[in-house]
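Take a look at the structures below.
Each of the next two complexes has chain A plus one more chain, namely chain B in the first and chain C in the second.
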Partner chain A sequence: MPATDFIELSLDHCIKCTICTAACPVSAVTDLFPGPKYVGPQAQRFRRDGEAPPDDTVDYCSGCRVCNEVCPTGVKIMEINTRAKARIVESRGVPLRSWLLGYQYLIGRLACGPLAGVANLFANLRWVRVLAEHLTGIAREAPLPSFSGYSFRSWARRHRDPHAAGATGRPKVVYFHGCATNYYEPRVGEAAVAVLEHNGFEVIIPEQGCCGLPLLSNGIFSHGRHHHQYNVAQLYSYAAQGIPIVGTSTSCTLTLKEEAPELLAMHDEQTRVVAEHTYDIFEFLRLLHERGRLNTRFRRIKRRLPYHAPCQQRAHRIGRPALDILELVPGLTMVESEAACCGLAGSYGYKVEKYRIAMDVGAELFDFIRASGSDLAVCDSEICRWQIDHGSEVYSVHPIELLREAYGLAPGA
Partner chain B sequence: MSRSLTADVLVIGGGATGVGVVRDLALRGIRAILVEKGDLTHGTTGRYHGLLHSGGRYVVKDPQSAQECAAENEILRRIMPHCIEDTGGLFVITPADDERYAETFVAACRACGVWVDDVPLAEVMRHEPRLNRKLRRAFAVRDAAADAFLATEANAADARARGATLLTYHHVTDLELEGDRVTGARCEDLRNGEAVTIHAAYTINAAGAWAGKIAGLAGLDIAVVPGKGTMVAMNHRIVNSVVNRCKPPADGDIIVPIQTVAVLGTTDIAVPDPDVFGIEPDEIALILAEGEHLVPGVSRMRALRAWAGVRPLYRDVAAVDDRDIPRTYKLLNHRTRDGVAGFVSIVGGKWTTYRLMAQEAVDLVAADLGIAIPCRTAVEPLPPVHGAPKSGHLTLGGRLRHVESEELYGDVICECELVTRRQLVDAITTGGAANLDDLRRDTRLGMGPCQGGFCTYRAAGLWHELRGADDAGGADAAAALTRHFIQERWKGLAAIAWGDQLRQQRLDELIALEVLGVDLLPAAVIADGARHPTVVTEHAAIATEYHAE
Partner chain C sequence: MRDTIVIGAGLAGLMGALALAEAGRRPLVLATGHGATHWSSGTIDVWGQAASGGPRAAVAAVIAGDPDHPYARTGVAGLEAACARFRQVMQAAAYPFVGDLHSDLMIPTALGAFRRAALVPRTMSAGALQAGDRVLIAGFRQLRDFYPPLMAQNLRSQGIAAHGVYLELPPVNRNLDFTTRSLAQCFDDGAFRAHVGAQLARLRGDASHIGLPAVLGMRHPLDVIAELERHSGGQVFEIATLPPSVPGMRIASILERAIVAAGGRIQIGSAVLRGVADGDRLTTVISEAAAREQQHRAVRCLLASGGIAGGGVRTDQTGAVWETALGLPLAAPASRRAWFASRSLDPRGHAIFRTGVLSDDRLRPLDQRGVVVYRNVTIAGGALAGADTIRERSRSGVALATGWAAGSRLAAIEA
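Here is the complex of A and B:
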């Protein structure tokens, strides 16, 4: 059987148990979505190779992968759905909104930097959002992040490693920052660099593009492929030398590890080697710790904080490395949410017809965070953090920021 | 209790042939009654491979048959597009086949007038990504997939609309004879045990593999040897077009994509009795091994079900004139052949040629009855039926499109095959269904991956809701139907119990036995001393495809 096929063929494993549909956070809140069993392995039997899928409801799948996680037989439900969406896009054309959401990094590139102030002001004007909703279908209420006044890459160019002087032969690590860190939240990248350097690594920040996940989840596969090919080309030489690639965006690392290769059926050697060397940053730190190489001299942080493992993080199937590491910080208690998903799921909650669904999906998480009484929440995914801020009005940070604080490393160092 | 009915012509057998005959009669204004011992398509027609032959399969060995198929193929596409999926077909030469056969094949196609086209392999691979990459040649033909349930239903609906009577669950037990003339038949209504006598000027024996048994009732000897063929349905459409091996016809050399499945087959083994046969493990092994030549890896994909049907193989022992009847099927005029008037048998053939067979039989009967109205079945389109598209050809996505456009996803009873509540309510209240297995033939209930593991109970509930008040056994009737249907479905699973489907069976079994205790339900209902009209579980007529010894 052709290698491109194993996602679709996984439908054969479905035993119709309905566990996925019982767990799907979207079908729990709306009747518009018939659920993973229906749109996944079931509908796939009615889709003919090379023809436009006859169905529309699959578009309501947010891509959160909760279904994949619970399926007892290993059906690649979310991937079946994403491919079906891509075929719908292929046959009906890409709507403007999908271009905008798929190419948000280009917008980031334009608005980040000196123009950020104006751009943020503009993007938050109510009439602008109302107009944009009418023109593009991007929900007026959905949480747009603020553009940063400087990009992470510009910071990185100026940054001097405080440990570099005199040090030779330090182990190297590649940092994949992703778009969000670059244009919206350079602070996350700065924290990552600080923590890695503090642990004795030389951090390399190669040229890199968007991982392409927003394109893939909006069904624009051909462009997603170009992005992945570009990143593999940039990263392969490091991976081939055995240099690990770590990222703070759980969605970017998941894309490098498996989403892009699987969805796009890219099974070449270079893609595989890059995938094998990619780690979520906490997954990497936990490995260090397991080898006794993690610096564990932490300051006491007397706090009890709510933590949400984003769906993209869960899809890594690596447990909760952020919790494993933060547990080492004296005084710090992390309380994990049991909510399945924040609802936003990439660009899903930005779509006007899905905004309400996304908020309903996220309700359990928002309640959990509010009930914690904390003024700070912790979550690995940028998109989730924006949704948490929006839905629960509690500020949230990436766990790496917390870890930097535990090391007593001042922001900006 | 007994009834008596009269018609010009009695047709025995509710398969494609019999129903085709009764429609042809009705179109010519001849009063006809059809009797069938089970549901329509309960015999071979409901168990065939699903292929509307282009003729390609027969061009080398049986040109007559090839020509008939080629002509009928075009006719059926015109009169019943809604029962046919125009998949197209391929004949491919795999590395295991002799490449020289290609020339023989193409030349024979040309000679028989069977359309054929050499297709570049790159194009084949584009449309058929799962086919063997090492194919050496490929030819396109006009094969298609045909849904015999829909087609028979359409023929039956049209016949009824034109005045014919079709009686299901009427088992012919005797032929009425007056001297050297057959004047009708005696039947048992299996739903209540009633004796029914049907008087007719003419009787047409269209009982397929059972035709020998029927003729035997008149003391006639026609040797119809039931030839069992086994098929395996795979869980989804592995190929997009019908794929045949380009070699002399043999076992396991065709894959037919039909509705949501791909059917691999078939075998050919003579069995003594068309009602008693099983599926042998080595048949399944052979089918899968042969399938590997066409689709590498197919034997590791999920098999959904295995079943078998019996071909009506005609071998004329009473050496009589072969006349000009083609050897593909036989119309036996028992007056000229055996000196018994008022009785003909139409045996052999294929689904693809059912209409032609019907035409020939009715031409003869009409002439004998002095009726000069010509056959119109080749031009008169068949009416719409439930479950088929309103216009155009059948398509794979049709059901999903329907559910989506009407937003019926909350109202799907059989999720695998997307059977909606509305379709089922229709079939329960308006059709002649006597049990859930009949509903399956009407709607595809329980034909998907879980094989009724979930929908059986929903359907039984609906049945009880809609018919319970009329059922003598009340809830017991619904319970017995549940057991019956589950047993029917499980028969087809025994032969392929491994891998994903075994896991499915285990879940189905846990639900049936551990959660619901279905085995504790009453198996049959005896109400007021009479058999219940809906439940025929205990009757041999229902002991169908698989007898586990």
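Here is the complex of A and C:
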């Protein structure tokens, strides 16, 4: 262990106060996960190279990071747990399901496009899901997103920036769309591009791969490392010029900023520069506003909408930038949920033995959204939105879509 | 954007943030994690020593004898104002407190020792037992560090007819491990309550009072108590447990909701690293975040990050002592040798625990020469010098009074 490995060192800060376990949304609903204190800083003392892992319950950690958020002494519990999962995978091999969930973007690549209609029909056939559950252990009820009839990148190739004509020297920004925007929800990327262009930016969409988080959270660290190295190679030249990299997927941006470098102990210069130049899109817009550079000519949106800050957004430790910006829209009232987590937590809730846990974890959020009476919910993370749609049957959007509406920019423009 | 920053999410920080939010200042609360509320009994302890005239008179005497005590910065009137607002907010959330500043209530600890508290949640107030009372103490074997037979034995030695029993855990779909939080969740379930109520009715005997660990539901404990009383026929009260403290969590979440409802925001998981100043004005507060620090413009800032125990003050093996958030000058023992008295139970306490930030009468930070460090910063709670609040048993009283006062005074500062 290098002396700079803060994850490992942080466990000595644990004072056993149990605040993490009292806040953990998973141990609140199931005995299968004894709680972050036990599997994290306590069990970690029994994990030694060349020895069998002390127990397997860490597999039931969803990775939501609520424990990190509430810990009064700064222990990196979730990272300890994720590394422990990777050790188990290392010693026993990777199950088929983890490969599927880790490489779900390959399925997206195949099914997105002209075949999307057929693929969606097929993927939602009950016997297909039952069969898939038996063969792979992916829960039959878990909310699969719909493949898009076109990819975001194909839209971006056709897209012409309406502000480009005659404009010179506009500031540049790189957009990291992530797999979900590319294959399932191009509308989110279109909204992001529209908002950034409306604010005078030239939007660059470089070649990019999956951020690798699904691989990391399934313990397949070596493949996660390749993915991160690829993205760093694609993004470094922009970051080195000081061009910001913004993303709409809070989990992709978190992975670029911190998850991959920390979990994989990648402390090289290029990785660091890319991390330091990566922003959640609302974090970026809030910085623009603080510098007086955000266009704040918004149309009135007379609505009261429920908002959930996803755990992967909260793990950025940047507050609630989406709320800070949406507060500027006249007439718009956002009501924030108090729920710790939607439950799905990346690929966790897709696993047959964890589906019920994920739904139980999400119950508080579903109740909050249903009780709001709204027909629309707002959430920054795609995975959480799918879970919200599934659990509460209320349609949900990314806050950037709402902001585009506030600017009066029509979808598809 | 938000330019009123509160550092710390314990009782002092949350009370200060409430004052700021209610004054329209839209505070942003930054904290490393949950505050000391989760480690505390959930009562408001103003002063641990008996005084004729109650806690109010005790505090007046403290102020008269020690002009540098944090209570001297708020005065008795400031303490009263803070208690009044605290009680209103708790009442509005259906979690009323009883007691006042004229006399303390004497309530039992989980070991059966009586301790004084000025304000206690109504869930605990029936625990103010008198000699001659007959009481049943009941708990669960699954909840560690709560031993009804031991507590009952200690109560009996003080003239109270007490009997301690372990209850059978009602059927629940949980069996692995219980914390105060998971038991509180169990009490949110009607069948669980009915099962416990039936056992209490059977076991009560001639006891008029029934004491249970403070796990009687997270959100609606009065309803839980009413139902248990209906079943058992006894007066039910909660007894503070070891952390995590359910009564403390209730206080924290009620205050957090009140702050958010009044326009504030809570951002925990964001440790404050340092501040940036322009002369005697703090201009920026910097917090830890993924990949990059987050900068917050600060027109006004309340420091309520705690003392040695709360993490607001740190020490190292060389004897260095520093304030972790803004790097303010501290009143601390000159060398490591002076940290501790030679006997661990020395009644005068240990000098290191009085370490904190010196303040003027408006709770603004002072340096060693008595000059105000930042005019737009106030200090509250454990971060203040001049009190050993754990030894005084004044921790929550000082947090409440100075938090409210520091927030109210800060709200008046203009950009």
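Simple rule for what comes next: the second predicted complex is superposed on the first by the 406 of 413 C-alpha atoms of A that agree within 3 Å, B and C clash if a C-alpha of one lies under 4 Å from a C-alpha of the other, contacts with A are read in each partner's own complex, and residues count from 1 in each chain.
In this section, a contact is a pair of C-beta atoms (placed from the backbone, for glycine too) under 8 Å apart; a residue touches a chain by one contact, two chains touch by 3 or more.
None of the values given here were measured: they were computed from a predicted structure.
In the superposed model, A:T73 lies in contact with both chain B and chain C. Contact with both chain B and chain C is seen for A:C17 once the two complexes are overlaid on the shared chain.
Touch criterion met: A:E258 reaches chain C, while chain B stays clear of it.
Legend: residue contacts after superposition of the two complexes on their common chain; A:A28 is shown touching chain C, with no touch to chain B.
By the touch criterion stated above, A:R300 is placed in contact with neither chain B nor chain C.
In the superposition on chain A, no contact is made by A:H163 with either chain B or chain C. Of the two partner chains placed around the shared chain by superposition, chain C is the only one that A:R320 touches, whereas chain B remains out of contact.
Judged by the touch definition given at the top, the superposed model places A:H226 against neither chain B nor chain C.
Chain A residues in contact with chain B (one complex) as well as with chain C (other complex) are 17, 31, 34, 38, 73. Contact residues of chain B toward chain A in the complex are 126-127, 129-130, 235-237, 240, 260, 295-297, 301-302, 395-401, 404, 409-410, 412, 415-416, 418, 448-450, 453-454, 500, 503-504, 507. On chain C, the positions that touch chain A within their shared complex are 1-2, 28, 32-35, 38-39, 173-177, 179-182, 185, 243-244, 249, 257, 260, 265, 267-271, 287-292, 294, 297, 310-311.
Across the complex, chain B is touched by residues 1-2, 4-5, 9, 11-17, 31, 34, 37-38, 42-51, 53-57, 73 of chain A. By the touch rule above, chain A contacts chain C in their complex via residues 17-19, 21-23, 27-28, 31, 34-35, 38, 68-74, 254, 257-258, 275-276, 278, 286, 289-290, 314-320, 323-324, 336, 338.
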